[in-house]
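Got a structure here, written out as structure tokens. Questions coming.
Letters A, B, C and D mark the chains in the order given here, with residues in each chain numbered from 1 onward.
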């Protein structure tokens, strides 16, 4: 947080972290009844882009994220990262790796490790750094993200907003190509949420990583994203792609600008429709 | 007479008045004041919204209004009579659902009348009407754990309305819902209010929710909480989300309210540990801009 | 009936609004002092005294004063205390006699051996049961068929299998603890949230690193629940084993003091067993709290 | 049922069956060690045992245990004998008596402790003082106190289940979220309303859990009490019957196969009673099932 936003160097796009989702289909078979979660979804995300995935709860957005991260298989289609095949019909399950790190909805900081040990976990496990270097780098990155002072607390002792930031720093410690965020700010109250948005952008401007961000909140999507993909209810596929042409670096005043409100109106209708369909179908909370 | 008219005619909207109420916990040198000399009126038939940074003591205030706890000083009166304990004329919807998990939706809704032994033919008809009103007529036999978050909230609204309280108190009821269901619930809840004009007292930390719902907006200070500012929201009713985004008046109110709220939120942050200072840093940058 | 609003609210409000600890340890000590103050001022200690007075009073009156039917033959409270505290007890067992501590020592040593063995074997076994599906599918059915057999049904077989009665007693006590530890450890591993394992995979941890850094610490709370049950169960089966086939130990003392018509010593044996059982399980809890710092601090924050 | 899923279920079933068969085979070989240990092919094993100071007549521990085939033969023999079934009945009767007494007294006592603060203040510390004493330590005192041997066994089985049930009921009742009381009270419920329609249903799941664990303990205690009072130690009077006594009697009579028959019978009896309890528990708490 120390570097003033305005003074940040003009934003140059990195050359890595481009994701191509090509005609992906995913069919679950919970006790026999085949349920299609993803229906021929195709989406392109450029390197270093913030791509927001917006859709009603339980529509299959998380299934897409799990496929990219390599937790679940896909039934058919392909997913590429910088041209290499992550998973395809032949190799349905991508193998997880530190180039694609997930930040989970209810958080996955190890409660039994201090915040510092959590952040240093990645490089330590992969043996890139020895213990003291890893802790040193971790301390630096945490201070950089405004988390100095909570290194030796356990995750359970700090606020949920702060836990979110520690988790993102833990991800960035491994210099990933892609950050996969699954509704990270859902449980926060809106005042803390607004601070989290700025903190995320702050970290993004310094680390230039591609962000695949799942959310229900349209305002959050348009405020943060370069690109907003609005998904249909289950089975999900992109219904409308919105290129958000508000220049980066952005900050909160964007929210009340005229252009932002126009973008909101343009997409609100599409999102509302899908929400009603999900609402009517009595979808149990995703 | 249709059930809707029965419901509407039976409503006696109440007026809740708090006169320099304060509440502190603990004893000897360990006391902690949560509410200090807080006075406000929840006008009859109005939807009053209270907003303040999370953890500023709003929930304690709600427990005082509902009668679960007694204020250390000051008085709370409903239509003149002092509030002594929990009663059917002041019903609370908590942040997490308080539907009884071991009762079906139908039994939950009929709990109040059955507990007071006031189940008549009319009550059963009213229950049917409310079930269809909240769109749960074919979920009557389901248990709360089988309903989605949005459905649980609507079932709880029905359970409260059948007891015909003079004032409905809601403590951030839509907080756990995802943004889309939340917005649908805003429109649904405000339509419900506009239909019955019962006195409603709604607590939240979300400024958009507050402006969309409120006739009158109370902005609370940081802990120990007291009323910091009052806004009359004169937006036309019935309220639609689409017009909220366009109307300049609502955006203007939002910016004013936000500036006060940030001031209060900053005070609560600045007292915390070093990390809190960074939050203040983020806020001060934004304040410089708006 | 509602929870004590004052105390838990206070714990929350003392800790900063965003759940951050206000100013570290100074707060902790004052908090416990304050809680002690509150406890002493609340009716609880006095009620406790009344409760004990009623129980012991009834025991005294029914046996020694009113001499109710059936209660007459029971040892009275005064005889028990006199026996327990006298330097040269009529039946040779009191706080001052060396033999008393010998029996306690033997029983405690047997439980420690059995408990240690059950932990060393039960925990890894439980971890593997929870960690690898295949291992569980092969081994768990056998485990489940043996588990319902009451431990004490093993007594005769144990005597046959282990010629020396000492190892028979240890085996029986071990068996009870082993089942409890293994089962709870397995439940612990299965209770770990999927996203922790996934997060570790993302961060490049290998299978064995995930096992060491996620599975073991994650299952720790359940493991210690299991150890608490296991220590209780081991005392349970030790008593029976000692009653049937022991030469030393508290179970043996209780048993022989019945046959030798030394009734007060029965009660002394029972009380000692209760006390020693309580102390050993308290020790297990302390070790648990120490190993799981992160849980104890989290619970303290929540006002527990 | 898609094919993939069907195979999955079958393989789990087969793996379980294979592991039990392997266990039985190993057990059989171990028990027959009396025979094959003498063959010269196992000369090295005998020297090894001697080196460990064990007489090389059979494998340590497992060698002394009768083989599954012998056990099955003994079981077939015993099936005809009415005494065997009579001991089943005696044990079930004693477990039922002790268990239901513990439920009848334990649940109300637990609810009383949870509902009224003074009762908890007075009762709980005494209860906690008595709880660590293992139930079987009460056998001598119970035999002293109760006139007949049957009642003393029932008392000890009662104690075994009582402590578990009370702890679970108190824990369950106190864990009910304060929100439910506040909601009920503000809708005008009386104290008895709150007890019957909030506290009792809210505690039901913990009662079910407590009774399942309590049932397990009653079986443990019955077996021991039957053994001890059935001559298992010098205390014994006349034969009390029951599976515990059946096992002890087989041991004294020297027919080790019947010991294992008795053990397996008790295992099955215990399994049946806890399954019965679990299905009853499911029916009593339908809202838990439909997670």
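The rule is simple: a residue touches a chain if its C-beta (ideal position, glycine included) is under 8 Å from a C-beta of that chain, and two chains touch if they have at least 3 such contacts.
Please read all numbers here as calculations on a predicted model, not as lab measurements.
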Closest chain to the protein CA centroid? C
By the contact definition above, name the pair with the higher C-beta contact count: B-D or A-C. A-C
Subunit B and subunit D, separation of their C-alpha mean positions in angstrom: 51
Indicate the whole-number Å distance between the mean C-alpha point of subunit B and the mean C-alpha point of subunit C. 47
Rounded Å distance, subunit A centre to subunit C centre (Cα mean): 46
Quick check on subunit C: which residues sit in contact with 2+ other chains? 2, 18, 20
Of all the residues in subunit D, which ones touch at least 2 other chains? 182
Touching two or more other chains - residues of subunit A: 150, 158, 162
Under the stated contact criterion, what part of subunit D meets subunit B in this complex? 177, 179-180, 182-190, 193, 197-198, 201-202, 204, 285-287, 290-291
Within the complex, which stretch of subunit A touches subunit B? 1, 4-5, 56-57, 146-150, 158, 162, 183, 186-187, 189-192, 194-195, 198-199, 215-220, 251-253, 256, 261, 264-265, 268, 271-272, 274-276, 278-279, 282-286
Subunit C contact footprint on subunit A (complex, rising order): 69-71, 96-98, 100-102, 104, 106, 108, 110-113, 121-122, 125-126, 150, 153-162, 170-171, 174
Okay, in this complex, where on subunit C does subunit D touch? 1-3, 43-44, 46-48, 50-52, 54-55, 70-71, 73-74, 134, 137-142, 145-146, 148-157, 159-162, 232, 235-240, 243-244, 250-251, 254-255, 257-259, 263, 266-267, 269-271, 273-275, 277-278, 281
For a test of understanding, state which residues of subunit D touch subunit C in their complex under the given definition. 11-12, 15-20, 23, 61-62, 64-65, 115, 117-118, 121-126, 129-130, 132-141, 143-147, 178, 181-182, 194, 216, 219-220, 223-224, 227-228, 232-235, 243-244, 247-248, 250-251, 256, 259-260, 262-264, 266-268, 270-271, 274
